[in-house]
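Labels for the chains are A, B, C and D, by order of writing; each one numbers its residues from 1.
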Amino acid sequence: MNELVHGALYGTLIATAILSTIAMGIWFERKFAGRMQQRLGPTIVGPAGLLQPFADIIKLLQKEDIVPRDADRGLFDLAPILAVVCSLGVAAVIPFSPSIIASDLDVGVLWVLGIGGLMVIPTFAAGWGSNNKFALLGAMRAIAQSVSYGVPLVLAVLVPVVLSGSLSISGIVAWQAQHHWFAVWPIVPGLPAFVIFFLAMLAESNRIPFDIPEAESELVAGITTEYTGAKFTLFYMAEYVHTLVGSALGAALFFGGWDGPFAPGLHWMVLKTLTLFVLIYWVRWSLLRFRADQLMRLCWTWLTPIGVALLLVSAAWVTFGGTN
Amino acid sequence: MESIPFGLAALVTLFSALRVVRSPNLVHAALWLGLALLGTAALFAVLGASFLAGVQVLLYIGGVMTLTLVGIMITRRHDGLNVPAESIGHVRAGVVSVALFAVLAWAISATPGLDAAPLGPDATTQDIGHALVGTHVLAFEVVSMLLLAAMLGAIVIARRKDPAPHAVTHLHVPATAVREAAE
Amino acid sequence: MGYFNDTAKALRTTMVNAFREPVTQEFPLVIRPRAERFRASFALPDDEHGEVACIGCLACERICPSRVIKMKSGGKKDSPVTGKKRAYIDEFVLDLSACIGCELCVQVCNSDAIVMVRQPEVPAFAREDLVLDMEKLRANAKLKTASWGTGTRLQEMQEPPKAEKPAVAKASPATETAPAPAPAKETV
Amino acid sequence: MEITVEVQSATRGSVDPHLSIHAYEAEGDLMLLHFGPQHPSTHGVFRMDLHLDGETIVKATPYIGYLHRGVEKLCEKLTYVQQTPIVDKNDYVAPMTNEQALNMAFEKLLNIEVPRRARYLRTIFAELQRVASHLVWLAAQSIDLGGALGGGSTLFLHCLRERELIMDLFEEVSGARFHYNTHTIGGNRHDLPDGWSKRAQAAISQIESRLSEYEDLSLGNQIFVDRMKGVGVLSAALALELGISGPVLRGSGVDHDLRRDAPYHAYDELEVQVAVEQGGDCLARAKVRFREIRESLRLARVAIDGIPEGPICSFKPTRQPTQVKLTGGQAYAALESPRGELGTFVIAGGDTPTSPYRLKIRAPSLHALAAIPYIVPGANVSDAVAILGSLDPIMGEVDR
């Protein structure tokens, strides 16, 4: 019972922290993108446009909730909620400090991959339920992409699992705190594995250059074409949560999570997470988009074989005693 | 106390499994299947087999159900939402199901050693690992060879260049085609 | 590998731009300097005696490609200021909502009586608000900065060379008036 | 005028548009996707009906006319001097060249020689306008490839930032930022203000210095190249048959440019290096436009340095709508607009001597769009967007 209370308390705390971070993250992204495009970004609402995300949210919530006449009402309504649940659910097993973790699952890595894999369902439900051809094409792309990139994602995540010999994320972080960060040493399976993880994570969270399912220049808005108001807000939120949680996962698995000198663990974790978060948006506003078949080719001909090789290298590393 | 979550998970699983076979829409059936599988995973988790629960979600929902959805989408005509999935022979299917359940229930209850002490929740993952590369190493390796072969096949297919499409001279457009294009 | 190189290049480029000064301005709060010849709305300026300069010759009404000018000639009267006889207008209406801003009405005006101004009209809620009548047009002449172009100047600038007199393109007002940078803040 | 044709071997997207669809059942096999007229990347209001097999397009039917405003008919009612501001709105990305093409036809009809200074001004305006127009193409193309919420919009805004410099230059001359109405029969209406040449040179230098940044984000980027290479291959023979001109034609390997082959303005005094690329795919068209930006900047620079003194108009300035009266005759004049051969054919006479009997505008975008049924099938939806972007159609000009 004690565990349940702990989980509920920290779960609420972490979810609140994540949601408020993405509110500020949206402001930061808009400002950052503006500067990269030599624009000012938001300036009007609040000092330096700081209140812009809240204005956005209020505006979105005020909008009329339009449901297409021939939509599959159940799926259409379910999809945005599921999207937020799935993307927030991943955060449950991520340790933000040795003690700040909602549920220190023994098989945390499996939880992350499983719940992350569940994101297919809301995507499909939205694409199918909208009864819109653009949304349907988006859903088809999203599912193909999600299934494909699941493979390199699993392979990349297995590298720290093998190296540390633990399926629990806090166990992996603790191991790194004792020895070394996986992105730094052993450099050969570690750093490439992080790169593959990063790319697969971009693909799973539909960020440029892998935002094929949304692809607003081709599919209008992909799966979210028919969504308005609050439901659209939920999708929008889920995307950002997915990105932020993915960054946190990358920080925990490859960069030692809360491990770092001079400062409390939480600070380090937040710093590392936000660095990856910014990197994602930097990439997003700098690159163009792949085509669906190029995306698949990249996944199957490069990332997957390299992932298998990295897994073998890390197994060999462990077998021949490289870890100690 | 222990049985409340178990009962809930079992109820959800049963209900959604029923919906899988009774749903008139194939897409709904596939999504109910996802919920049934999730319920099964929850059952595993309640029983302390967290590794199995994780694998269940990862493989069956992330893999099998997704592929089912892909299958539906690329094989059926999707010009609307309704993908009919009418089931036939309700009575016969019901009889077979009940009979199967009876046989399974009898078989399980007749199996000796069910009242052994349950494993600790933390032990299972390690136990499975040891069992896989210890006792069952041959089966494990055979299966992994199979999966490796499947993956290599996928890579080979992905690497294959598009067959060169036949060159068509399209300088001459037949008049019928122009009419058709105009329509 | 090419992808990583090129991504690095793209990331560098965007970061370089992130540290440049933004080129955009907050439009309603800051108005960029507008060129000397910038043309937006219209005005009916007065002549040197303080009377409306328009003599109602209908040239602008006839040239307008979108026919947005409607005017009524007032006939010849004695001027109350100078006492001399001159022509007047009774009505002058310009429908800005259909105007294409081609400046032809300014071009054909021999008495420099219609000019364009450098501040646009404020956005309106109804089409009628964009119809400029005599009052608004004369008020514009006082409130807003006139654009460089007037009928005389525009016609002089493109006058072809006379056979006996060589071209005087250099002496045209276009080159006389240096395009002084307009004030950064203007009223809209 | 010599045209060299190198027939390309068709590699991709060469499925016959009108035959391939018969391989499918009428019902059920194909998905019909209405691509436009309300779609983010149809470059205006343009509609393609795409028949999809999965995501592969097996048939594409373009539909135009959503932006039809009856400009040609309007020109029959307006007098000659009133038409310049009307045609400004046709190709709304390159208004200068519209005015020039129209007035060139009238000058030919009236047999008027344009003064040398005006010809130089027109050359400078045309070249700067070409740069601005190609920048808009790059901006739109990158939005098509990269999305409005990504790297595409970064490149988009960078391009518009440099285009703004050119618009400022035009604003100083004509007073307007877009619909200039700065040309007239026999020459120009506005002379250059003081110090314009220096500011123009500075702007050109600035644009030149930023071109490498564009390349980092587009042509020098593997993703951009992957998206464009081998997509939408247009053979030289088909391009010629469809009457395609401009960068699209030159991207198919045909060395044809009116600036060099039929000089107008001051091009006979300038050495024009025509950019030709082989391949006929989107990448070749992109390369052509990139090279043309550099060449146009160079030409504008040379022309600005060589502006002669003199009058800017050889015809009497516009004082009344009826000052051109013609009872007969016809003329066709064409120039190389950023999109290809932009021509105006005018027949004088008819009911009123002050307005033409018939005026026909030959818009290059219309011909480029004619390639869509041939080069889009075989591609997928993402490619269709890239192909449409690389044809660079302006619907105002297509529908008129």
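One rule holds in what follows: a contact is a pair of C-beta atoms (placed from the backbone, for glycine too) under 8 Å apart; a residue touches a chain by one contact, two chains touch by 3 or more.
Because the structure is predicted, anything quoted here is derived from the model rather than measured.
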- When C-D and A-D are ranked by contacting C-beta pairs, first place goes to C-D
- Farthest chain from chain C, comparing Cα centres? B
- Message: Using Cα averages as centroids, what's the distance between chain B and chain C in whole Å?
- Response: 71
- Message: Based only on mean CA positions, could you tell me how far chain C sits from chain D in angstrom?
- Response: 29
- Message: Between chain A and chain D, what distance separates the C-alpha centroids? Give it in angstrom.
- Response: 43
- Which integer distance in Å separates the CA centroid of chain A from that of chain C? 54
- When you check chain B against every other chain, which residues touch at least two of them? 74, 78
- Note on the structure: Residues of chain D that touch two or more other chains sit at 31, 151, 154, 158, 161, 217, 221, 223
- Sequence positions of chain A contacting 2 or more other chains: 36-39, 140, 285-287
- Query: Residues of chain D touching chain C in their complex?
  - Reply: 78, 81-86, 88-89, 115, 117, 151, 154, 158, 161, 164, 168, 171-176, 179, 181, 184, 186-195, 213, 216-217, 220-223, 309-321
- Query: What residues of chain C sit close enough to touch chain D in their complex?
  - Reply: 2-3, 5-7, 9-10, 12-14, 16-17, 23, 34-39, 59, 62-63, 65, 100-104, 107-108, 110, 116, 147-149, 154-155, 157-161, 167, 169-170, 172, 174-175, 177-179
- Note on the structure: So, in the complex, the side of chain A touching chain D is made of residues 33, 36-39, 133-134, 137, 140-141, 208-209, 211-212, 214-220, 284-294
- Given the complex, residues on chain A that touch chain C span 32, 34-40, 43-44, 282-283, 285-287
- Interface with chain B, chain A side, in the complex: residues 70-72, 75, 105-107, 110-111, 113-115, 117-118, 120-121, 124-125, 128-129, 131, 136, 139-140, 143-144, 146-147, 150-151, 154, 167, 296-297, 300-301, 304-305, 308
